[in-house]
Structure formats: structure tokens, C-alpha cells
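Listed next: structures, encoded as C-alpha cells.
Paired with chain B in one complex and with chain C in the other, chain A is shared by the two complexes that follow.
Presenting the complex of A and B:
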């Protein structure tokens, strides 16, 4: 059995980086605005549909339409903020939570209404059906997964750089730490909020384009990713991008290796177990401050 | 004078009430609980189309068809009463299936229920039907446990997973004897719900029976009902080096598995799927050449239309709605709709006990099935349920076994993934 370990580690890593990218946006929203966006998985799903339509209508490969998807879902995030989140962001109680939960149900049903619940695939993507075989076939790296992992790392680093090094990024950080103080310092927090929602959208837009070349596209496609992203954010610390990256990898490896040895039916149970244990001993997350 | 007026008024009122009741009886409501949203919605919508076709056949006139109730409009024994199927969505959730069953019975006043595709949803929904004492006919739910509960109001059209498992072993034995296929090691891959778990139990039961023929189960891989990827599962399967795969999966997960088999180069000699994802024509549409050689039992396939004209007639009405040919589970749900309407018609009443009596005693005409009839045994299982083993060959579901119903020869090995 141990000879399969390298394959499991590779699969876990590739999966983990994609999880991380999906979680980064959610983490930003949570860290900056203190909102859990339940409709986040549905943003991913809409991004995948957008990728699919760009491919079917304009024969544009997911890798080439990737910047467009980032923009499409950026705009979606921006519009959702302006039309919905803005009205509930500072309202006490569960309003924001319920609003995003309602949005999730709405988007999922809208997708089913518009595009039927059929499963769609992009079978002719450039990376489709290619793989790298190492060590005499002992280690197989699927090209779509490998490209998705590399793309996810790059995008995560780009967001990290933006938040850490740019003026706007620092404004986002400041707002995340103390909104009122940030406003007193002349930061346009309204702009920060809408931009945060947009950047979170861009992250899932990229993830959607990367996933679309090997994952089925259907109205429920985002739900499990949305759920796992919540765990990763809580594990990595709210608003902590590096934390999300590390936690994504931890979750990916746990799922792959733990699932193999304990039984695949327990792989998600294992993830949520880790989550519960971390919450008990370190509620701010493994890498939170 | 006043008294005469009063009597006339009461007489008028009574007449109106009676006439009202007669009009009310013109539409007979039957509940259909299906997965219309959620992970199996793609299949659920097709089942809905099939039941709508049944409703059309029952309520409209098709003089050239030999299907029961087709030549007449409505139910002839109930004065041409129309049948209306009231749809409810269980979202692949057993609890919702239960509450929807209760709602349909109490609020919508349905006289019978059909559904629910997922065995896990059929189980609680049919228990509600039992509690209220109305008939429940499951079309395609295949867990054998459903008909082992001793329920008085439950009936099932499809072969159950106990029968299917035995069928699989007989087919593999045929492949070994005829083609010297060398199939021995079996991996059972199943979803963690009522359907999957029970199918795996039945596979294990029949593996013992057929151990003398050299068959053994080398891996049992259970996976969560909502799954984002199947890397771990496929690695476990690969490690077990199976000759045969038994799949109890739905359309979403089954497609993920096939893609991963290709990526990690898992190449069995035969793959047999319980009633679930493989039977949905979307399987071939989504996977193209990668769907080749997969096999499973099917009540019908387009390759059999030439042999079974009634199935073609149904498909001609079904295809414009769904844009794909009718498949096994779909025609089984169609059958459940036809049989319940037929039973109500033969009972000449909507009284549940009268319908139940007909369901228990009568052999129903079903010219769209290979055996042409449906007859429920004491436990409610259709004892004449017959499927053929179909295999995807050149993008078509060909009937490959039993030989007398075959449209093509079985291929007892998978060609390498990159040579198709």
C-alpha cells in the first residue's frame, strides 16, 4: 500500500492548492467585513458556467478565457455587494448571513432554471486527457489538475502581494483591523468593501476556469467547495491569505491520505474533525492572529 | 308555499353538490415525488418528463397504440376521469421526501404515490403512504430492502439489487465461459446511502454463492454522497487490481469516477452498474469515447426499439421533451405511472383498498418491457421485472445479454484509454 503514498501526496497537494484559492476570497470577505458569504460556492458555479459558455459559443479554451472569468466573477461580486450586501453589512443580527444564504438558493435555482440540471463537461480543453507519468507510471499527474494547482498558487500569491504591498491592499488590511479608525484616516471603506467582494469574486473566477476543464459543471457544482472553503478559512484564520494557503494544503492532504487509509467514506468526516479540534484549542485558527 | 320553496332550494343545493362532486371526480390526483433539484436533478427531470408522457397517453387518445389506456381518453371505467400527476421535489433528501409525501396525501388529496428514484427517499415516503393507507408504486428504486419491510401498500416495478447482483454474476460467468475472459477479482464501488450500501451487501451475498466459480470481492469502496473529487477512492480501487467493477452510483459521481479511471489508468475487464448513473444517456453524452465498454442492466435501450415497438412509441413522445432517448430507470418510472392509473381504472374506484386489491391480484399489460407484463408478488416486488445487460458500444447502449434479447455481441475487455 505504501507504494501509493507518493501518488496520494501529489493528489492531495494538487487538490489542496485549488481549495486554498477558493478559500482565499472567502477569507478576505470574512476578515474584512465579518460576513460569511454562503453564496460563495455559487459564485464558483457561475464562473464555471461562464467558462463553459465561452468555450461552447466562442471555442475559447478555459485557460485563455481565465482572465475574462476573473473579471466576470469580479463584476458579479461587485454587483452583489452594491445591490445586496451593502444593505446588510452593518446591520446587527443574522441579516447578512440570511441574505447570503438566500442568495445561494436563488443563484442555484436560477442556474437550474436557465441551463437545466444536466452535467456539462469541457472535454476538448487543451489540458484535457494529458498527463505526466513519473517513475515508470508509479506517479501520475493529471495535466488539468497540475495546471489548476499551479494556477491556484500563482493567483493566491498575486492576491497576497496585492494585499501586502499595494496602497489599496494596505487600506483593505486597515479596514479589516478597525473600520472606524480606517475611515478617520481617510480610507474610503465603502470602496474597500466593494473591492474586497470583487477580489473574492476574481479568486473564484480563476478557480472556476481552472476547475472547468476537469470537473462537471452543474447547478450544485460549487456547494461542496463552498463548504470546504468555510473549514479552510476557519482553520487558517479569518482574513489570513497565507493561512488559507497552508490550511488548503492540510485539508487536501488529509482528504487524500486520510481517506485512503481510513476509508473514503470518512474523508470529509476527517476534515470536519480537524476543524472541530482546532476550534476547541485555537478558535482564531492555526495561523490566525 | 314557503315550505315548497325551501324544499326546492335544498333540492337545488343537493343537486349542485352532487354535480360538483361529479366534476371534482373528473380529475384524479396522483403524487409523484422526484429529485427535481439537488445532485440527481438531471435524472429527476427526465423521470418527470416520462411521467408527463404517461399522463398524456392516459388522458388523450392514441387509437394506434397497444398501450393500456391509450385508446381511450381518461379512465374509461371512471367515466373518462382525467389523471393528474402532482409533482414534488425531494432534493435527494429522505426527510424532505417524507414531508412531501405527507403534504401530497393530506393537502393535495392524492389517491396514490409514485417515486422517488433514490431508495433512501422512497423508504420514508412509502412509510407515509403505509401510515395513511394509500398505494405507493416505486418505479426505479432498486434497494431490495424496500420490499423486505412487509409493507401492505408498497409495490416496485424495477428489479431489485438482489436480483441485479445475481444477474451480474451470471453475466460474468457467461463472459468467462464464452470468451475465456478470466474475470475473478471484483471491486464494489458504492455511494454511502440506502441504495449503495444495500447494493454492496447484495454483491457480497452473491459473491459467496459464486465463490465456487472463482469470484471474490477484493475491495469495497464506499464514498460520501456529496463528493468533490474521487482521487482517494480510485487509488483504493487501483491498489486492489480488480478485473470487474460493480458501481452503485449516480450520474455525477459515476462521471467523476470514469474520468479518474482514465487519468490513473485503471482498466478493468468489465464494469457493471446498478440502476443509477450509467443508465442515464447523459453518461455517454458527457464522456464520449471514455464511456465505451461500460455495462449495466437496463429495462430498455434505443437498440431494442426495433424489437419492442411500444417502447419506440413512448420514446417518440418522450424525446421532444428530453432530447435524449428513454432509458431503463425512466421507463420504469413511466411504468409506475401507467400501472397506478391502470389499477385505479380496473378498481373502478379511487378507494385505496380497491386499488390495492387490483395491484395485488392483476397481471398488468406492459408491452414496453421485454417480458411484456408486470405482476407484483406478495412482498410487492414485480416478479416479471426483466432487464437486459447493455454495454456502451460506439456510443450506443447495445443489448448484449441474454443472447435471445441481444442486439450486439458483448466485449469482455476494455481497450486501453489512449487507443480509442
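Presenting the complex of A and C:
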């Protein structure tokens, strides 16, 4: 059975980088605004539908419409911030979280209303049904998964670059460290907030375009990703973007390797269990303090 | 605090009495159904309020206890032909035991780490039931129809008996919340909520009291789960273990007023009729319009009334008193 281990690790890594991208966006929102966004998985789902419609109406392959999806979900995040989150962002208590819960119900049922609960697939994507064999077939990498992993790594790096190196990125960092001090330094926190929601949206937009070529698209498609992303962010330590990246990879590996040994039906239970176990030793997350 | 209780006692008893009499005023089954859900959610809110309102630990995993209660009642009758009441008692005990077991690991965590841990716990339980052959996994359980009787916990078309069972559990929940709030135990919980380290320095053992609050809350939540299974006569893991159910309890309690005995009552009195009315009037299409409207309402209410109904009502007197 050990000879399967490289395959499991490879699959886990490929999955993990997609998780990491989704979690990095959520971690940004969390760090900057201190909001648990329960509607985040629904952003992903809408991105997948958008990818689907670009494919079926304009014959645009998911890989080519990817920048458009990033923009579409960026706009969605931006608009959601302006219309909803803005009103609850600095209110103490659970209002913001509950507002995103309302948004989650709304978006999911909007998708069901507009597009029915049926599964949809993008059948003829460029990457579909291709694979790469390595080491005489010892290691098989599905092309959609491989492209998704590479795309996720690139997008994650881009977000890191933006946060670390640009002026706006530094403003985001400053706001996440101390909002009031940032305001005193002349940072437009309102702009930072809306941009953060937009960037988080762009992260899931890219993830959606990458996932849409090999995952079914339906109103609840994003739900489990949203929950796993919450757990990944908490596992990494709130507001720690690097933590989200590493935890995403860890969770991907857990799902792949654990799912193999325990049975695929228990892979999600295992992910949530890992969180409970790890937090016993690191109560503020792996990279939190 | 005692003077506050004297002022509150009259209106509270009156409100509870009115709630108990309302279903007799109508023969409309839809209205009676709304009232049944109203007292159920109000009671669930009171139970959740013990852990979150009093002890300050925001749980997103209460559907796990609800589901355990639901499955216990269903399995008791469906597998063993035992009265659902026995299942209810067993379910409540199991939920209490599970709460005690899970309390040790989750209460070591604080704030959001705790909340996400309860969410993770709820999802684990869901995933287990989804793949557990003993309870038919994701298929769920259709509870076999039995002759209508109190012992069988089935009354067929009649809503009134179901209402009074839910109402009785609601009263249990309400009285438990008040008893905890007004006891030494409740004071410990409030001390832990305000400042855990300070509470510890006074010799309060936070782990112990948080565990107790979770156990009490879980036991009551499971009673409602059993009730719900018998009322609907069908359960599946996605219905009773859903995160949405946990969050609905959070929502209506926070909407009403977190930590106040009135909170869950006001919150469910506002939210449940709204959600059921939209469901009955728009849900027939099966397209989810009702839930779209419900989601919109949640967003509207949370963004325009972020402090809850009780917060609105009590804002002025509190300011006059100069702090609580």
C-alpha cells in the first residue's frame, strides 16, 4: 500500500493549494475586518456558475474566462461590502456574522431559483480528461487538478505580493493590525475594507474558474468549501495569511491520505477532527500566538 | 438584579401564558403549526442562551444535540418498537454525555477558536450520521405511523397535542434558564463571561461551570430534537444536523437579545412567523423563493437592528440607571 503514498501526497498537494487559495481570501477578511463570512462558499458557487455560463453561452473555456471570473467575483465582494457588510462591520456582537448567514441563504436559493438544483458540468474544457503519467505510471496527475493547483499557487503568490509590496497592500496590513491607528495615519479604512472584500472575492473567483472544469456546479457546490475554509483559517491562526496557506495544504493532504485509509465518506469528518486535535496543542492555531 | 426580576416577572408570566393559550384561539392548522415552531425555537434559544448568553461561549454546534435527540426518538420506535418517550429520555442523556465529552477539548479554546470548534464538532456528527448504516445514513428515517396516542407520541392531524408537548419543553427550557441565571451557578457563568482570568483568581473553576452549562443546554436541546422527529415523522442528517439550524437558533436569540430571557421569545416571535409565512405563501413553487426572501429579511434585520430587540427596548432605562 505504501507505493500509493506518492500518489496520495500528490493528490493531496494539488487539492491543498486550491484550499489554500480559498482560505487566503477568507483569512484576509477575517484579519482585516474580524468578520466570520458564512457566505464565502456561496461566492465560490456563484463564480462556478459564472464560469459555466461563459462557457455555455460564449464558448469561453474556463481557463480563458478565469480573469473575467476573478473580476466578476471581485465585484460581487465589493458590492456585498457596500450594500451589507458596511452596515454591520464595526458593530460589536454577532450581527456581521448573522448578516453573512442571511446572505448565504439568499445566494444559495437565488441560484436554485435561477438555475434549478440540477448538477451542471463543463464537459469539453481544454484540460478535461488529460493526465500526465510520471515514473512509468506510478504517479498520475490529472490535468484539471494540476492546472487548478498551479493556478492557485500563482494567484496566492499574486495576493501575497500585493499585500506585502504595494502601498495599498501595506494599508491593508496596517488596518488589520490596528484599525484606529491606521485611520489616524490617514488610511482610508473604508476603501481598505471594500477592497479586502473584493480581493477575497477575486481569490474565490479564480478558484471557481479552476474548479469548474472538473467539479459539478449546483447551488450547494460551495457550501463545504466555505466550511472547510473557515476551519483552515482557524487552524492557521486568525488573520495569519501564511498560516492559511500552510493549513490549506495540510488539510488537502489530510483529506487525500486520510480519505484513502478511512474511506472517502469520512474524509470531511477527518478534516474537522484534525482541527479539534491540533488546537489542543496550539489553542490559537498553528501559526497564531 | 432582584428588582429587575420583580419588574420582569409579571410580564414574563403573562407572555408565557398568552403563548400557551394562543393555539386555542384558532382552528387554522397553518397558524397552529407556526405557533408550534415558535415555542420550539424560543425554547431552543433559551437553551442555547445558557451557554452563549450567560457563559459567553458562542456555540455554532447545537444542531448536533438537536439531531441526537431526533435520532434517539426515531430509532427507539423504528428499530425497537419502544415508545418515543423512552427515546427522548435516552436521547437527552446521550446528548448530555456527548456535551460533557466534547466540553473538555472545546472549552480549552477561546473566542472564535471555540466557535469554530463547535462548528467542526457539529459537522463531524453530521458526517458520521450521513455514513452510518445503523440509522440508514443519508436516506434518513421515516418513522412508522402508529395509532394516535400520547404514549405513541403521534396525534396524526391534530396539532394541539403537539403544541402542548413543545410548550411544556419550552417551559422547562425557560425555567431552567431563569433558575441558572438567578443561581450562584449563573453568577459564576457571568463572571467567566466577563473575565475568565479574574473569575479563576476568585476560585471559580471555569472548565467545570462551562461544562455544566453545556450539559444542561444540550439535554434540553435534545428534547426538542425528539419532539421535532415525532412531529414531522421523518428525519435525515441534513435536516437535523445542519449548520443552518444551529445558526437559526443563534440568529433568533441574538435578534431578540443575547443573554436576556426575553431574547429568544421576542426573536422567534418575529422570525418564525416571517419565515413560515413566506414558506407557506411562496414555498409551493419549490424554487426557493421563500428562502430567498427569508435570507433578505435576515440581512435587513441584522443590518438595521444590530443590537437586538431587547437592546432597543432597554436602551433608555439602562442609560438612566447609569450602567448595569
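Rule of thumb we're sticking to: the second predicted complex is superposed on the first by the 288 of 289 C-alpha atoms of A that agree within 3 Å, B and C clash if a C-alpha of one lies under 4 Å from a C-alpha of the other, contacts with A are read in each partner's own complex, and residues count from 1 in each chain.
Assume contacts are C-beta pairs under 8 Å (C-beta built on N, C-alpha and C of every residue); 3 or more make two chains touch, one makes a residue touch a chain.
From a predicted model like this one, the values you see are computed outputs, not experimental measurements.
Trainee: Taking chain A as the common reference for superposition, should the pair chain B and chain C be classed as clashing or as fitting?
Mentor: clash
Trainee: Does chain B (first) or chain C (second) touch A:218, or do both, or does neither?
Mentor: First partner only.
Trainee: Per the contact definition in the header, classify A:55: touching chain B only (first), chain C only (second), both, or neither.
Mentor: In the superposed model, A:55 contacts neither chain B nor chain C.
Trainee: Thinking of the overlay built on chain A, is A:284 touched by chain B (first), by chain C (second), by both, or by neither?
Mentor: A:284 contacts chain C only, not chain B.
Trainee: Quick one: classify A:112 as touching chain B (first), chain C (second), both or neither.
Mentor: Both partners, chain B and chain C.
Trainee: What is the contact status of A:238 with respect to chain B (first) and chain C (second): first, second, both, or neither?
Mentor: second
Trainee: Determine, under the contact definition given at the top, whether A:193 touches first (chain B), second (chain C), both, or neither.
Mentor: A:193: touches no partner chain.
Trainee: Quick one: is A:38 in contact with chain B, with chain C, with both, or with neither? Answer first, second, both or neither.
Mentor: In the superposition, A:38 contacts chain C only.
Trainee: Using the touch definition from the top, say if A:98 reaches chain B (first), chain C (second), both or neither.
Mentor: A:98 contacts chain C only, not chain B.
Trainee: Looking at A:8 after the superposition, I want to know if it touches chain B, chain C, both of them or none. Which is it: first, second, both, neither?
Mentor: first
Trainee: After superposing on chain A, which of these stretches of chain C ends up overlapping chain B: 133-141, 169-177, 187-195 or 277-285?
Mentor: Looking at 133-141, 169-177, 187-195 or 277-285, the stretch of chain C that collides with chain B is 133-141.
Trainee: Quick check on my understanding: which residues of chain A belong to both its chain B contact set and its chain C contact set?
Mentor: Residues 108-109, 112, 116, 219, 263, 265, 268, which sit in both footprints.
Trainee: Write out the stretch or stretches of chain A touching chain C in their complex.
Mentor: Contact set of chain A toward chain C: 36, 38, 84, 87-88, 91, 93-96, 98-99, 101-110, 112-113, 116, 219, 227, 230-231, 234, 238, 263, 265-266, 268-269, 272-273, 275-276, 279-280, 283-285.
Trainee: Spell out the part of chain B that touches chain A in their complex, as residue ranges.
Mentor: 37-39, 41-42, 44-45, 192, 221-224, 226-233, 235-236, 238-239, 251-252, 255-256, 259, 262-265, 282, 286-288
Trainee: Taking the complex as given, what residues does chain A use to touch chain B?
Mentor: The touching residues are 1, 4, 7-8, 11-12, 15, 108-109, 112, 116-121, 123, 129, 131, 137, 140, 142, 145, 214-216, 218-220, 223-225, 228, 255-256, 259-260, 263-265, 267-268.
Trainee: Could you list, by residue number, the parts of chain C that touch chain A in their complex?
Mentor: My answer: residues 58, 105-106, 108-110, 112-113, 115-117, 119-121, 123-124, 127-128, 130-131, 243-244, 247, 250-251, 254-255, 258, 287-289, 291-292, 294-299, 302-304, 306-307.
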